[in-house]
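The structure under discussion appears below in the form of structure tokens.
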Amino acid sequence: MNQESLSQIFINACLVNNFVLAYFLGICPFLGVSGKLGTATKMGGAVMFVMLISSICAYGIHALLVAVDAEFLQLISYIVVIASTVQLVEMFIKKMSPALFKALGIFLPLITTNCAILGLALFQTNKGYDFIQSIVYALGAGAGFTLALVLIAGFREQLEYAEVPKVIRGTILTLVIAGIMSLTFMGFSGLGTQ
Amino acid sequence: MIQEAVKSSSNSFIMLRAMVGIGVLCGFLIVVAYEGTLPRVQRLKAEALEAAIFNVIPGTTQTKTFNWDGESFTPAKAGDSPLVYAGFSDSGELAGVAIEASGQGYADIIRILYGYDPERQQIIGFYVLESKETPGLGDKIEKDQHFLDNFTAMDVSLTDAGEIANAIIPVKSGAKQHAWEVDGITGATISSRAIGNILAESTAEWIPRIFNHKSAFKQGNQ
Amino acid sequence: MSVIIAIAVLGGLTLLLAVMLVIANKKLYVYEDPRIDVVEGMLPHANCGACGYPGCRPFAEALVGGKILPGKCTVSSSEGVEAIAEYLGVAMGAEEKQVARLACAGGTNVARNKAKYKGMETCQAASLVSGGGKGCFWGCLGFGDCEAVCDFDAIHMDEHGLPVVDEDKCTACGDCVEVCPKDLFSIQPINNRLWVACKNLEAGDEILEDCQVACTACGRCAMDASGDLITMENNLPVIHYGVEELTKDPIQRCPTGAIVWLDQKLGAIKGRDSNPVIRKSEREIGFS
Amino acid sequence: MSSGTNHTEAKSTDEFIKGLWKENPVFVQVLGMCPVLAVSNTAENALAMGLATAFVLLMSNTLVSLLRNFIPKEVRIASFILIIATFVTITDYAIQAISVDLHKSLGAFISLIVVNCLILSRAEAFASKNTLGKSILDALGMGLGFLFALFCLGAVREILGNGTFFGLALFPDTFQEWIVMILPAGGFFTLALWLLIFNLIKQRKEATA
Amino acid sequence: MSVQTLNISTSPHLTKGLSTETIMFHVVLAMLPMVFFAIYSFGFNAALVIFTAVVSCVLTEHVLCRISKKPTTIGDWSATITGILLGLTLPPIFPLWMTFLGGVIAIAMGKFLFGGLGYNAFNPALVGRAILQAAFPVAITTWYGAFQLDRFSTINASVLAFPFTEPIVDGTTGATPLSAFKFDGVTTDATDLAFGLVSGSAGETSAILIILGGLYLIRRGFMNWRIPMAILLTVFVFSGLLFWIDPVKYPSPLFMLLSGGLMLGAVFMATDMVASPITSLGVVIYGIIIGALVVVIRIWGGLPEGVMYAILLGNAISPHIDRLIRYRVYGTSKLQKS
Amino acid sequence: MINGLKGEKNSIDAVLTLHRHTFRHGVHPPENKEDTNGLPIRRFPFSPLIILPVAQHLGAPSKLVVKEGQEVVRGQLLAEADGYVSVPLHAPVTGKIRKIANVPTISGKMVPGIYLEAAPSSTQELIEGEGVDYHTATPDEILAGVQNAGIVGLGGAAFPTHAKLKIPEGKHCDDLIINGIECEPYLTTDHRVMLEQPNDIFMGIRYLLKSTGAKRAIIGIEANKQDAADFLSGRLPDDIPVTVEVVPVKYPQGAEKMLITALLGKEVPSGGLPIDVHAVVVNVATTAEIGRLLPHGRGIQERVITITGPGVNKKGNYLIPIGTPLRYALDQVEVNGRISEVYMGGPMMGVAVSNLDISIVKGTSGIVVFTDQEVSRPDRIYPCIKCGACVDACPLSLNPSKLGILAKFEAYDEMAKEYHLMDCFECGSCSYVCPSHIPLVQYFRLSKSIVRKRKAS
């Protein structure tokens, strides 16, 4: 059992231990999709949604595995369930909104291999969160991911039109900005200890 | 159209076959790996825990795990929680009780283990099980000898009413005057305070309980 | 025991998911012609837009849809076009190689600037400021917008500030045509080697003060050309390609060298009667 | 005939070499960033993580290549993930059995090897289309390339951030550690630095070529 | 007849005659009193730190321009400003080698990587300081008491620490008013704060000189007064509200305003034109966000001071503010899009 | 109903923004008008050779009705209007047509035109035509009269005035605004016209009121021409509803949209015309010309321009025949030293001249001459530091800073779509205030031309 209050869980997941900037989870989509603000927001939304789903899935599966005493299957069951759920969602979007599918392009399947999703599932189990706590944790982590993505996308969109040295353009610049943002988010550490 | 339909139905079968086949194969492989490593993993884990307990209760050579069922301490069975660990000396004397506690640190939750000697009514040892505090700063709570010295003889004696006489309080570096104060670390004020707060909270809950039932541990060893 | 549990759990899970995926695969499947991917893979990925489509993928879609012939891709090698045509089973629709041609010869050594332009150093910007200050309103401004816009490294500015097109590299994408504010570029079949390198609509020898190689509309080329090959329109000769076979005759008596023969190796060849241009340095800016 | 075998041999070494340098998964393809950044704070962690990843990559590439004709296209991703997850679980237990401390310091990132894009992308892009031998070579090359990259990061971060290399002190006691290097931000900066070095080398090569 | 040459160029043919260089130079001027006061109160130590910061910034800028084969841009004073600001935000006995490193980082990473002046997404000086803070957390929180007697006769050993070695502090160190409050609940007298009779970063101590410098720039029209105004008002109102709720637990708003780097940050750092929004409403929102973050971090966060982080976060948000807050274009209704 | 609501909203807007009698933003360039604003209008000598481009207006070029070698009398029709958006051209001098050929223009382009040799001994008497009596004429007859007189906007735009006065079907005009702002530095043309031709102005207003059906006329004058405002206020005729309003000095208040906002508190919708807010704006010199020419049925053959600037010795306001070559005009006013820049129009929006062989046309409101010493164009361009000076200067509240950066990186479509590029009328306020000396106006002019080109193709 974990005693953390819901607000503390949310602030922790969103700001203090931001999944991208402090835990390095979900870096691939973070580097790939943060170029345009519109895509970043959509991606953020998609990740948050998938996080919520996988958090719920993980909670259920964990309960199941504990019941049959097969906790050693935790990782493989999590990833399989999450991956298939995401694939379902992907097919659904492709069918329902080809425009959205095109915008997110190849990154929808990449959500499957987004460490943030699996990381969330593993962490919530490790921390022993109950159902409500898990959901708040997923929302916080998703919000934090979106926040980081959107903030960086703002910069990258602005820096499209800047005299950035050619070798630095793209990934390197994004990494540097992410580093500075990561330092900046350190300002939030300790929130809630006082 | 018809051709396509036929093709996809056979496809479905292949898909099912492949997925289930791989699933079964994987399950088998995992179980083999799990069963194969389990004894050693458990032994290593137990050793690590034991080492931690030895660390916080000086003079311990063997340990026993107890479970608080709400009224009394009983030897723990698998799956029980919360747990405390009793340490016994060579001669079978109760050397102390190790208690786990956790709380919000600077970066994330800090999990600690501390040793309590019911006879002397003191905290006699302290060990950080898990922390993500800033390296070089916050992680001094694990390494800083001056800080660790706080916990070699920290007063947690009880009043007659069964409450802790002087709650543990963190003070700033160098200002420690009483045995129940936690002297902070320069530059890592937050982390060291967090430890003080975690201890204060945990001791208030556990120390009276353990003190009042200390006989249970002694009996438990028999 | 745990072996059985594990196999049961995983087998069950995978079975469940496989069933879900099978159903989803049927219900939610979106068809896309696989040939589009294949054709796109065969295209050069220059995304230059010369074919009239915004990029290679839309062009591939159009190809598969039968809306256009593969020969419209000017960047592909002929083998590439053939391969696509073969794959799709259509005619090639191949065309004669085309290149961009510049209708001006007024480099800094022969053409004069009347005023000194100050500001953004692009032709497009300069042309908006009193035409750019060049003595000949129609002439090349020489800031090299065409050089900058060319994706194929086919245009380079020479020492007199005139763009030179590399016929081998040019894909006739038309970017230079679009970017030139003086409309000096046009896309021409490579064998149209008889060429009027001037757009000055004025007549008479006065214009030579502004540019020594301008067309003075004397009309000799039209006289010397066989048949109706060349006619004079708006004080400029117009060559009607395809009417007659092209020869070097019309260029011979041109006094300024405004009409030239473009040799693949030697570049522009002037007629024997044209005044030679000796000057190498830039002409002084200004007017009397 | 003999020239033919020579030819294939040359190709096989290519599969191996490309992962190390030309198509280095981290520096060129920018794949699998999460563990690269997260567990590269010491050289030791980096090495362990790199080995674990390389092992999973090798095993999963092998199995995927073996099963490539058995798996239909529609469920290939799901199947690959299953296979990868299996080997990750195995690796996880193996590391636990080797050292609890190491397992603790690598944390959840062992489990997260499952979602390392590198492994999935090799399974999908290479192993599912190539023979066993080639897949193994590819996995070895890519795995070592990944290991190399992780090690590059880990070494820089540990030396600057802690003043040590594989836990051995390199400098006198008075050395001032650059703590930022072992913080998350340092991971970003170090990776950026290595990428910059790689790009500059590439640029120079292109310029001379 | 002589040849006559006319120049042609695009309209307008008049300019106001103000240049970026002038603006930057006046910012330097406005900061000079703070520099002198820093030297006066902290002695040679502060002089060395500020001087090193400036030299390293200017040198880095020059070298980077050379490397990228562009004309040097040190003449526009922007590197000097970054250097002075960096120096002013460091403790007066900060080791020189770290200061130098900070200057290099500020210019190379905070400015050059982003494309140089005009494109820096963050305030370069703060980028430098943030990295220094993360790299050397102990050194950057080792404060030196103001007005020590030997400040003009000796140089603290910490300042002269050999490159890459740990600084050794001798003499008295002091706690900043903010950390004194946060960790020990001790408040400092407002007059002391206003006149700078306390310890802290070299340039942040004297609120009055900072305000005077700001007023000078505002008077000349080289600074957007709305930014410091919005930040300071927000801090005042927000912390005033908290103080009103519980005066024991929360510090007084005056203390919040005058202590720490708030004044320096609000007046000279948050006002970095490049990294702040462009419209009047935008900068007000920007200021309010920064002000609120300062209070949140100072009161509920783990750190005693949060101005640096608040401004960096403000910088991060400003592209979004510019996207959302725009002037209504003449002849369009507010709702109309594009 | 909807219109009423909209009007109300606009006036609420005006109250809220507290900008009554002026517009948002704008700049204050040095005025430099004192050299010529006290000098009365003087007649300029006739140039021996008059060079007349046939098209001196926006719209369809006029059609020539004379031949080479033909003798013409001052005021005689040379070219007739070809279509509705077109005006005729009249002979500015009595003389002989030497040749009909291309003539150079300010844009650098060569256009069809007439070389007219002035007869040296001629009395240069004007021929009289059939006048338009404003008492009896219908609005359409007045418009025809305006067109026949060849009148275009003399403020610089050279748009045929009758086409502007024509109220489109379904719209109506409430306010007639006479634009006496003249916000361009150096120019004093309108100022002098207001001081010296009050009767022509009021007569012009009579014609305009009748043709547009406006309920009132407002003469808008900037505070730096208080004498003209007082002068006109003292002579307001009783028979027409006309008032004089003085507005604070600010550039570019002379722009139609800005003036409407300043006087009426309304905003012309983006992409719309003044008539969309029930107003018509006519330049004061154009008004005077209508009042001068229409009663006599004459065509426009001369106009008032200010020739000034540091390079000119005999600065002044001159009544100059249209078609006078620039070279002749500059010789007459004795330009000193080496001139380096000559602008047609004022220094804020005027066009730099590349060739002295061009001539003064109907749309030329002034000539400003700079010498080497005066032109201190900053040679160094700094990157945009987002100081926001341009944002606070742009009268349209555009974001020139962002537009400039986008233009630099050739993101033209984004400029047009997201940042209202096409609304920009190139007043130059942004470039004027930019401390980084970024050629913003040039960027925008180029971007606009490219966007237009892309739209067309």
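When the chains are written out, they are named A, B, C, D, E and F in that same order, and each has its own residue count from 1.
Throughout what follows, a residue touches a chain if its C-beta (ideal position, glycine included) is under 8 Å from a C-beta of that chain, and two chains touch if they have at least 3 such contacts.
In this text the structure is predicted, and so the values were computed from the model without any measurement.
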Other chains in touch with both chain A and chain F: C, E
Pair joined by the larger number of C-beta contacts - C-F, C-D: C-F
Chain at maximum distance from chain D, centres defined as averaged CA atoms: F
Furthest chain, CA centroid comparison against chain A: F
Chain centre separation in whole Å, for chain E relative to chain C (CA means): 52
Distance between chain centroids, defined by C-alpha means - chain A, chain C (Å): 47
Distance between the centres, which are taken as Cα means, of chain F and chain D, whole angstrom: 70
Distance between chain centroids, defined by C-alpha means - chain B, chain D (Å): 34
Sites on chain A at which at least two other chains make contact: 22, 72-73, 76, 80, 84, 87, 162-163, 168, 172, 176, 180, 183, 186, 189-190, 192-193
For chain F, residues that touch 2 or more chains besides their own: 351-356, 377, 383, 439, 442, 445
Multi-chain contact sites of chain E, meaning residues that touch two or more partners: 4-10, 109, 115-116, 118-119, 131, 134, 137, 302-303
Pairs of chains satisfying the touch condition: A-B, A-C, A-D, A-E, A-F, B-C, B-D, B-E, C-D, C-E, C-F, D-E, E-F
Interface residues, chain D side, partner chain A - complex: 30-35, 37-38, 77-78, 81-82, 85-86, 88-89, 92-93, 108, 111-112, 114-117, 120, 180, 183-189, 191-192, 195-196, 199-200, 203
List of chain E residues in touch with chain C within their complex: 1-10
Of chain A, residues touching chain E in the complex: 37, 150-151, 154-155, 157-159, 162-165, 168, 172-173, 176-177, 180-181, 183-184, 186-194
Residues of chain E that touch chain D when the two form their complex: 98, 109, 131, 134-137, 139, 161-162, 164-167
Footprint of chain E on chain C - complex, ascending: 114-119, 125, 128-130, 133, 284-288
